[in-house]
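Below you will find the structure I want to go over with you.
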Amino acid sequence: MDIVMDAQALNAFLERDFPQVAEDHRVESVGPGRLVARLRVNDRHLRPGGTVGGPSIFALADVAIYCAILSRIGPVALAVTTNATVDFMRKPAAGRDLLAECRILKLGRSLAVVEALIFSDGEDEPAARCSMTYSIPPKRPQNSAL
Amino acid sequence: MDIVMDAQALNAFLERDFPQVAEDHRVESVGPGRLVARLRVNDRHLRPGGTVGGPSIFALADVAIYCAILSRIGPVALAVTTNATVDFMRKPAAGRDLLAECRILKLGRSLAVVEALIFSDGEDEPAARCSMTYSIPPKRPQNSAL
Amino acid sequence: MDIVMDAQALNAFLERDFPQVAEDHRVESVGPGRLVARLRVNDRHLRPGGTVGGPSIFALADVAIYCAILSRIGPVALAVTTNATVDFMRKPAAGRDLLAECRILKLGRSLAVVEALIFSDGEDEPAARCSMTYSIPPKRPQNSAL
Amino acid sequence: MDIVMDAQALNAFLERDFPQVAEDHRVESVGPGRLVARLRVNDRHLRPGGTVGGPSIFALADVAIYCAILSRIGPVALAVTTNATVDFMRKPAAGRDLLAECRILKLGRSLAVVEALIFSDGEDEPAARCSMTYSIPPKRPQNSAL
């Protein structure tokens, strides 16, 4: 149940290994089984009408959920999404960042299930709900290649 | 945001309109945007090994989520599930009832999204997570036929 | 790519290990990466209005997909569903059996993904679409390092 | 069942209304209930290791499914995704475009369900499977009561 990577460590990991992702996404806080990440919204994320499009919401959920898992198991670059479901419920507010609030529902040896609610910054009702399953590669004696 | 059907009203509705469902399922409590329902587990629900099978978990989530919506909009028998996703995360504990804890994420004019976590009675960690979208038929001036 | 259990072998397996399931469900045919199963609809499956309810559709998809996997890997009783998604698209025709037409999309060492379209017998358009992920337990004694 | 927008009309629509999307995505062909779209993969879509990331796969499925619906109902810009599920099954081949092969499963008055299989160009086995539900806004002038 220990946190092995905090927000600072996760942001440093993103900047080094996923520099394109790190441009727009930032881990805000990490707690026991919880993580909040932010998408700094800019023109690239907007659809006609000025709201953030579905793919940008998916991308935020993906990085937030990945980081939630890494916060517990460390920088296992090979963890991969096997399943994702998203319910798009409300149009995001125009001109606002998006926040993903993640909750780890299961962290097993080989599968993790994490849920994220996506909010426009300052709003009470979620724009979207997402859950993802990640497959975690088996641990090896020396993991040096990673 | 008002509760228009409480647990007693929902159970009476199930007994009258869905007697087969009412045999095993019971609404335990209703709160603002929340509902808890119980599956009284018996031999019919069990798979080899003595745990409740996936279809029984799905059926509990379905009736709980349906009732969560009715608690807010009244006995609209024609609301139908259009989409369901389930993550099965832990084997239910043998010989225990199952509880579904629902949370309404969206209740729009035509679509509702509700999530349920499924627990073995007495356990802290969920056996399953489910979300469903319901399509709500448009309201008509006089709804007497329903 | 070989079929290791045909329809007859799968039905015998269901009757022995899942007798309650075998009462209503039957594998009709097995081909390379394909399987068709039937739900013999009776009163127990019907909702008010005379159509088959969502949980019965889910149960048919579950047994059909499970058998599709077993047709390729043999009677691994411990394969378990980890994720299921269902789109309910059309009301099943009253008084008709349901057929599940499965297609194996992935059969990996530890995860399988199978899709099923559910039809009312004799109809061209699907009542529902379902996909499930199954977790397949690691093989055996010799594999002790995992 | 008529096709009201062909590949050329859909690409012109994307270029005008979604210029950022049109940079990378292109409708290849449209048939009855079918559509194929291409993601022209470039460095922006790649994750460490040189394969296309999940968000780019999601984005391709989203635009392909949207265009599949428009091919039948015309340029209804307000159709919105309400639900999406993705199974990520195989790592895309490095340095190849991705193709989305869509099949319309339901096109109702208010909801459409479309499925897409995602392939690396030249591969036989899908990298991912996706299904999405779109909500179609009610048609207007005559339908003022809604």
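Going in written order, the chains are labelled A, B, C and D, and every chain counts its residues from 1.
By definition in this document, a contact is a pair of C-beta atoms (placed from the backbone, for glycine too) under 8 Å apart; a residue touches a chain by one contact, two chains touch by 3 or more.
What you see is a predicted model, and the numbers here were worked out from it, not measured in a lab.
Determine, using the mean of C-alpha atoms as each chain's centre, which chain is farthest from chain C.
Comparing chain centres, A lies farthest from chain C.
By the contact definition above, name the pair with the higher C-beta contact count: A-C or A-D.
Comparing A-C with A-D, the pair joined by more C-beta contacts is A-D.
Find the geometric centre of each of chain A and chain D from their Cα atoms only, then give the gap between the two centres in Å, rounded to an integer.
24
Report the inter-chain centroid distance for chain A and chain C in whole angstrom, where each centroid is the mean of the CA atoms.
That gives a centre separation of 33 Å.
Could you tell me which residues belong to chain D and also touch two or more other chains?
82-83, 85, 87, 89, 133
Would you mind writing out the residues of chain A in touch with chain C in their complex?
Residues of chain A touching chain C: 82-83, 85, 110-111, 133, 135, 138.
Could you pull out which chain B residues touch chain C in their complex?
For this pair, the touching residues of chain B are 17-18, 20, 44, 47-48, 53-56, 58-59, 62, 77, 80-89, 91.
For chain D, which residues are in contact with chain C within the complex?
Against chain C, chain D makes touches at 85, 87, 89-90, 105-106, 113, 115, 117, 125-126, 129, 131, 133.
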